[in-house]
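First chain A sits with chain B, and in the next complex the same chain sits with chain C.
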Partner chain A sequence: MENLLPIIFSTSFAYSVLRVTTPILFASLAAIISDKAGVINIGLEGIMLFAALMGVISSAFTQSVLIGVLCAVATGVLLSLVLAYFSLNLKSDIILTGIALNLFSSGGTVFLLFLAAQDKGISVSLQSKVVPEISIPLINSIPVLGEILSGHNILTYVSLLCVFLIHLFLYKTPLGLRIRAVGETPNAADSVGISVRRIQYMALMISGALAGLGGAYMSMGYVSWFSRDMTAGRGFIALAAEAMGRGTPLGTFLAAIIFGFADALSNVMQSLRVPAEFVQMIPYVTTILGLVIYSIKQNNKIKKYRRNQV
Partner chain B sequence: MGNEILLMKNITKVYPNGIVANKDVNFSVNEGEIHALMGENGAGKSTLMKMLFGLETPEEGEIFINGKAIKIDSPTTAIKNGIGMVHQHFMLVPSLTIAENMVLGIEPRKNGFIDFKKAVAITEEISKKYNLIVDPEAKIEDLPVGMKQKVEILKALLRGAEILILDEPTAVLTPQETKELFEELVTLKEKGHTIIFISHKLKEIKEICDRITILRGGRSVGVHHVKDVTQEEISRLMVGRDVVLKIDKTPAKPKEIVLKVKEVNHIDVMGKNILNKISFFVREGEIVGIAGVEGNGQRELIELITGLDQYDEGSIVICDKEIRDLTIKQIRDLGISHISEDRMTYGVAEFASIEENIISDRFDNKDLNNKGLLKIRKIQSLVKQLIDDYKVKCDNGQQPVKMLSGGNIQKVVVAREFSSSPKIIIANQPTRGIDVGAIEFIYEKLIQLRDEGVGVLLISSDLNEVMELSDRLLVMYGGEVVASFEDSTKVTEEELGMYMLGIKKQVFEEKRRVENE
Partner chain C sequence: MSNKKIETQFEIIRTFVAILMAMTLALLIILLVSKQPVDALTSFLTGPFSSIRRFGNVIEMTIPFVFSGLAVCVMFQAKQFNMIGEGAFYVGGVAASFIAVKFLLPAGIHPFAAILFGGVVGGLVGLLPGFLKVKWNANELVSSLMLNYVCLYLGLYMMKSTIRDPNAGMIGSYVFPETAMLKKILAGTRIHSGLFIAILFIALTYLFMYRTKWGYALRMTGLNESFAKYSGINTKRVIIYSQVIGGLIAGIGGATEILGMYQRFQWSALPGYGFDGIIIAILARNNPIFVPIAAFFLAYLRVGADIMARMTDVPSEVISAIQAIIIVLIAAKRFLAKWQHKRIIKNSQEKLAVKEG
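For the complex of A and B:
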C-alpha cells in the first residue's frame, strides 16, 4: 500500500487518468444528448464495441486512419438509427431494444472478427492503424502540467473539446433547445409544431456518432487492436456518469474523470500484486457508490422541496 | 362588430367507441368579439374546439375562416390559419425561460446560434404591445399559474393568432388573477382579436362576453347576445335532461348516520380554496346525491373521504370513527366502498385479470389465504359466483380486465366494491361512459343495497341519474354545499340548474338541517 500513494501523485498517473477517461467521456456525452431528448440510449456499450471493430477492420483494409475513424462514427450512427427505428417507429421498449443491441454487438463483433481476422478473440493479425498522439507546443514545456496534458491521443483532445461543443450545442443552438424541450415536455414541443420523433432521431444519431468516436478510441488509440467485449461496461459506466453529472456536460465531465480515476487506479494496482479480481472490481464498485451517493442527494433534494411546498 | 371570421358548419364527430360528441353543430364567430362557448361536461365543447385546432378531425362538416373553406389536420395548420389555443394544461417547458418558451420552434438565429437577445426583445415587444407584462428571463417553473397563462396567450399571439381559444381559463386562477385576465382579454379585443371563451361560469360570461353559444348533449341549443339573455334562460338551456329515465324505487327508510362530514376545508397546492366548510351526512338505507358541474370540489371531497388525500380542517367520521389518521386500508375496513370516477386509475389494474382485480381488497382474508399462499380454488369459485351475479361478459376469470368493454370493466369494479359488505358506498360518476344495460344493472344494485341498509353517496354530473336515484339531494358549487333538498322528487331541473351554476344559493337556515343531524 505504501507504494500506492507515490504512484497516484505522479504525473504519469494523472496522464493515464485522462487516457482512460476518454472513452467514458465520449460515451457519457452520447448519453447526455439522448437523455436530454427523452430517449435513453442503453445501447451505448454495444454501439461502442461495434464501432471499435469497424474502425480496426476499415483502417486495416484502407490503411487510412481517417477512414477508420469515420467508419467507426458511421457505424455508431447506423446502429443508433436501428435503435431509433425500433423504438420510435415500431414502438418497442427502448431499454429492451438497447439491451438487444448490446447482446447483438457482443456476438456480432466476434462473428465479423472471425471473418476478417480468422480469430475469435483478438484482431492482431490485421494491420490496423492507430490515431496518432500529438504533443502540444507551449503546453508541453510547462512543468508538471505539460507532462499531464501534452502527448495524448488526438481523440483525447477531441473528447475534451466535445465537452465544450456539446455544452454550446445544447444550450445555445435552436436544435439544442428543441432537444431539451422534447425531452422534458413532448406535448409542449408538439403544440408549437416541433416534430418530437424527428428531434429524437437526430439526438440518437448524434449520440451514436459520439459513441462511435469512443469506440474508435478504444481500438485505435487506447490499444491498437480489437478484442472481444473490449468495452467492458464502459457504456454503462457512462450512463452512471451522466446521471451523476445531472445531465450537464461539465458535471458529467467531472463524473467521468472520477470513473477514469478508478479505472486508472485498477490498472496501477494490478502491477502491485493486489489480487486481479479485486482490482478489476474497482471501476464498477465506484460506479455503484457514485450512483448511491447521487440518489441519496436527489432524494434529500426532493424531500426538501416537498417540505417547502407544505 | 365585424364580419363572420369563423364558421364551423354542420360538424359531426363520432369517436371510435361510438360516442357521438358533436351532432350537426353550427358555430359562428364574428371578428373582434368575445364569444362564449358554454355547456356541461360532456356537452361537446372540448371536442368542437379540438377539431378547430386540428387535434381531431370531424366526420362531417366544414370549417370556414373568413369565408374560405379550410381543412385543419394538425395544430400547425391551425396556427398557420391564425388560430391559437390556450390549453387548460399549459404547454410550456418548465426548465426554460419565458423567452425560450416563446420562441421555441421559431428561434431567431445569429451565426447558427440562438439569438437570445433578440428572443428577449421579441418577448418584451409583444408583451408591451398587448399589455401582458412578463419577465422574459424568468424560468417557467418559478412562475405562478396566472403568469404561465399570460405566457401561453403571448405564445399564441407571437405565432400570429387572430382567433384565440381559451379553454376554461379561469378554472385554475385566483379571483385576483381572473380580474387581471379579463382586463387583458378586453385589451386583446380592442386590438381586433377574436376570442372564444370556454366556460361554465355564468357570472364571467355575463361580465366579458358579447355572444354565447350553448351546447347540450353534443348539439347546439342556441346562440344569443349575452346582454339579451338572462342567467336563468342560459341555465335552462344548458342544464336539463334530454331523456327522462324513470327509476322505480320505494321511499327510503333511513336509520343511523354512517358518514358525517363536518366543516371540512381544503386548500390545494396552488393555494386555491377548493372546499369551503363542507358539512353533510349520509344515513344507512338512503341515497344522497351530490349534483353539480364538475370541478366544483366534488373530486377533492371524495379524495378526502376515501383517504386518497389528507384534510387539515374539519372532521370526517365514518361509523363513529374519525378517519384523519387512518390508512386507506383501515378506512375501507370501517365499511366504505369506493367507485372512482377514474376507473382505469383507481378502479382496476388494467393488465391484471378479473380474478386478481376482484381479490385485490381481500386477498389477505383467511378464507382466501393460507399463511401466505392463495387458495386458488376458493378464489376461482368466489370470482365465478360474482361474474354470474354481476353479469360480467367475459371468457373466464383469468381474462385481463383490459380486454373487456367499459361497461364490463365497471361491473368488475362494482362486483368487488358491492360484495365487500360495505356500510357506505361512495359512487362517483358510477355510470360514466358505459352502455345502457350496464347502467340499469348498476342502478338496480345500488337500490337493492340501499334497501338492505347501506348508505350511498352518489356524485354525478348526469342530471337524470342524480335526480332519479337520490333520496336526498345536495348541490355543490364553488367548493360549497349551496343547496340541500330533503326530497329529491320535489326539485325541478330549472331550480337545480340555478344552484349548479351559482345563480341561487340557499340561506343558512335552509341548509341547517343538512349540517346538523
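For the complex of A and C:
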C-alpha cells in the first residue's frame, strides 16, 4: 500500500485521470442534455459502443481521422434518432427502448466487426486511425501543471471545452431555455407554443452526438482498436455522474473526475499485490457509493424542506 | 365481442406482427451479407428441429431462460427496473458451486442444498438495490447495473480463493462430485432435471403473483404506486420483496444451470442470461404463464443462429437485431393502436345499432 501514495501524487497519475475521464465526461454531458429535456437516455452505453466501432471501421476504410470521428458522431445521432422515434412517436417506454438499444449494440457491433475484420473480439486487423495528441504551447512550459494538462488527445480537450459549451448552451441560448422548459413542465412549454416532441428530438440528437464523440475517443484515442463491449459500463457510470452533478455541467464534470480517478486508480493498482478482482471492482463500487451519498444528501434536503413547510 | 376481448386479441396480434417484422428484418440482413443465403436461412429456421440433439439444445437453453424471465417478470410487475438478474444469476452459480465442491451430502439433498444456497445469495444481491431505493431513493437501474460488475468480480474472487482447481488448465473450480450434479433425464441430449425445477417455479411464481395477498400488493404497486400507497399497501415493503424474490429466482436459475450443464464452475464473465430475461419478460407480458413459451422461442432463435453461424458465413449475432426490434415494438403503445381503436369503435357502433334496432 505504501507504494500507492507516491503513484497517486505523481503528475503522470493526474494526467491519466484526465485521460480516463474523457469518455465518462462525454457520456455524462450527453446524459445532461437529454435529462434536461425530460427524456432519460439509458442507451448511452450502446450508442458509445456502436460509435466506437463505426469510428474504427470508417477511419480504416478512408484512412482519415476526421471522417472516422464524424462517422462516430453520425452513428450516435442516428441511434439516438431511433431511440427518439420509438419512445416519442410510438410511445415505447424510454427505459425499455434504451435497454433494447444497448442489447442491439452489444450484439450488432460484434456482427459488424466480424463482417469487417473477420474477428469477433477485436479489430486489430483493421488499419484504423487515432486522433492525435497535441501539446499546448504556453501551458506545456509550466512546471507540474504542464505535464498534467498538456499532451492530451484532441478529444480530451474537446470534452473539457464541451463542459463550458454545454453550460452556455443550456443557460444562455433560446434552444437551451426551451430544452429546460420542456423537461421541467412539458405542458406549460406546450401551452406557449413550444413543440415538446421536436425539442426532445433535438435534445436526444445532441446527446447522441456527444456520446458518439465519447465512443470515438474510446477506440481512436484511449486505445487504437475496437474490442467487444469495450465501453464496460461507462454509459451507466455517466448516468450516475449526471445524477451526482445535479444535472449541471460543472457539477457533473466534478463527478466525472471522481469516477475517472477511480478508473485511473484501478489501472495503476494492477501492478500492486492486490487481487485483480478487487482492483477491477473499484470504478463500479465508487459509482454505487457516489450514487448512495448523493441520494442521501438529496433525501435530507427534501426532509428539511418538508420540516420547514410544517 | 366485448372491448376487453378485442384488446386481448390485439395484444396477441401485436406480438406476432412484432415477431414477424423482426424476423423479416433479420432475413433481409442475412440476404444482404451472406453468399449462401438459402443455406443460412434453412439452418437458422429449421436447424433446431433437425435432430434430437439440437432440439435438446433448445430445451437445455430454455431452462435458464425460464428462471431469468420469471425473475424479471416479478420485478417489472412491480415497476422496478432492477437489472440485478444478471449478477444474481452469476453469484447463484458461484454459491451453488461452493456447496457442491465443499460439502459431502447424499445425492438427493446435495443439489437441493446447493440450489437453495444459490437462491439465498441471489436474493441478498437483489435486496441491495431495493434497499437503497427505499431507504434513500437511489435509482435502482443504475445501482443494479453497477452491482452486476461487483457481483462478477466478487464472485470470481470468492471462487478463486475457495474452490479453484489449480490443475484445471483454466480459471475454474474443482469438478463437482457426482452427488451434486443434476441428473440427465433424456438420453442423447443434455436435458437435466432442472427442467422440473423450472416448471415448479413457473407455477409458484404464477400462484404468488395472482393468488396471494403479497402478489396482489405487488401488482397494484406496479400499476400505480401512489394509489397503492393510499389504499394502505406498504409499498416500500413491496419494492423490497419484489427485488429480493427476483434476485432469488435468478440465483436459483444460476445454481440450476451450473449444476445441470457444467462439470465445474467456469464462468469468467457474466453469462448474459439476466438481460435475456428482459426480452422474455416483455414477450410474456410479465405473466409467468407465458414465460416458458417466450423462453422456448428465444432459445429456438439462439440455437438456430448458432447452427447457422457454424454451417454458413453469417455470424449468430444477427439475432441481436431481432431481439431489439421485438422489445421496442411490443413495448410501443402506439404500434397498431389506430387499427385497434377503429375495431373498438366499429364494435361499439354495431352494438349500439343492435340495441336501437
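Following the convention adopted for this analysis, the second predicted complex is superposed on the first by the 310 of 310 C-alpha atoms of A that agree within 3 Å, B and C clash if a C-alpha of one lies under 4 Å from a C-alpha of the other, contacts with A are read in each partner's own complex, and residues count from 1 in each chain.
Definition applied: a contact is a pair of C-beta atoms (placed from the backbone, for glycine too) under 8 Å apart; a residue touches a chain by one contact, two chains touch by 3 or more.
In this text the structure is predicted, and so the values were computed from the model without any measurement.
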Chain B versus chain C as contact partner of A:Leu5, first or second or both or neither: neither
Which of chain B and chain C A:Phe278 touches, first, second, both or neither: second
Partner chain(s) touched by A:Lys120 [first = chain B, second = chain C, both, neither]: second
Superposition-derived comparison: chain B or chain C, residues of chain A touched: C
Contacts of A:Gly193 with chain B and chain C, given as first, second, both or neither: first
Touching partner for A:Leu138 - first (chain B), second (chain C), both, neither: neither
Contact residues of chain A, present in both the chain B and the chain C interface: none
Parts of chain A lying in touch with chain B, wherever the complex brings them together: 168, 172-174, 177-178, 180-181, 184-185, 187-194, 309
Residue ranges of chain B in contact with chain A within the complex: 74-76, 79, 87, 89-96, 100-101, 104-107, 109, 112-114, 155, 159, 269
Residues of chain C defined as touching chain A within the complex: 33, 81, 132, 136-139, 141-143, 145-147, 149-150, 153-154, 156-157, 160-161, 275, 278-279, 282, 315, 317-321, 323-325, 327-329, 331-335
Chain C partner contacts - residues on chain A that touch it in the complex: 42, 86, 89-93, 95-97, 99-101, 103-104, 106-108, 110-111, 114-115, 120, 232-233, 236-237, 239-240, 243, 275, 277-278, 280-281, 284-285, 287-288, 291-292, 294-296, 298-299
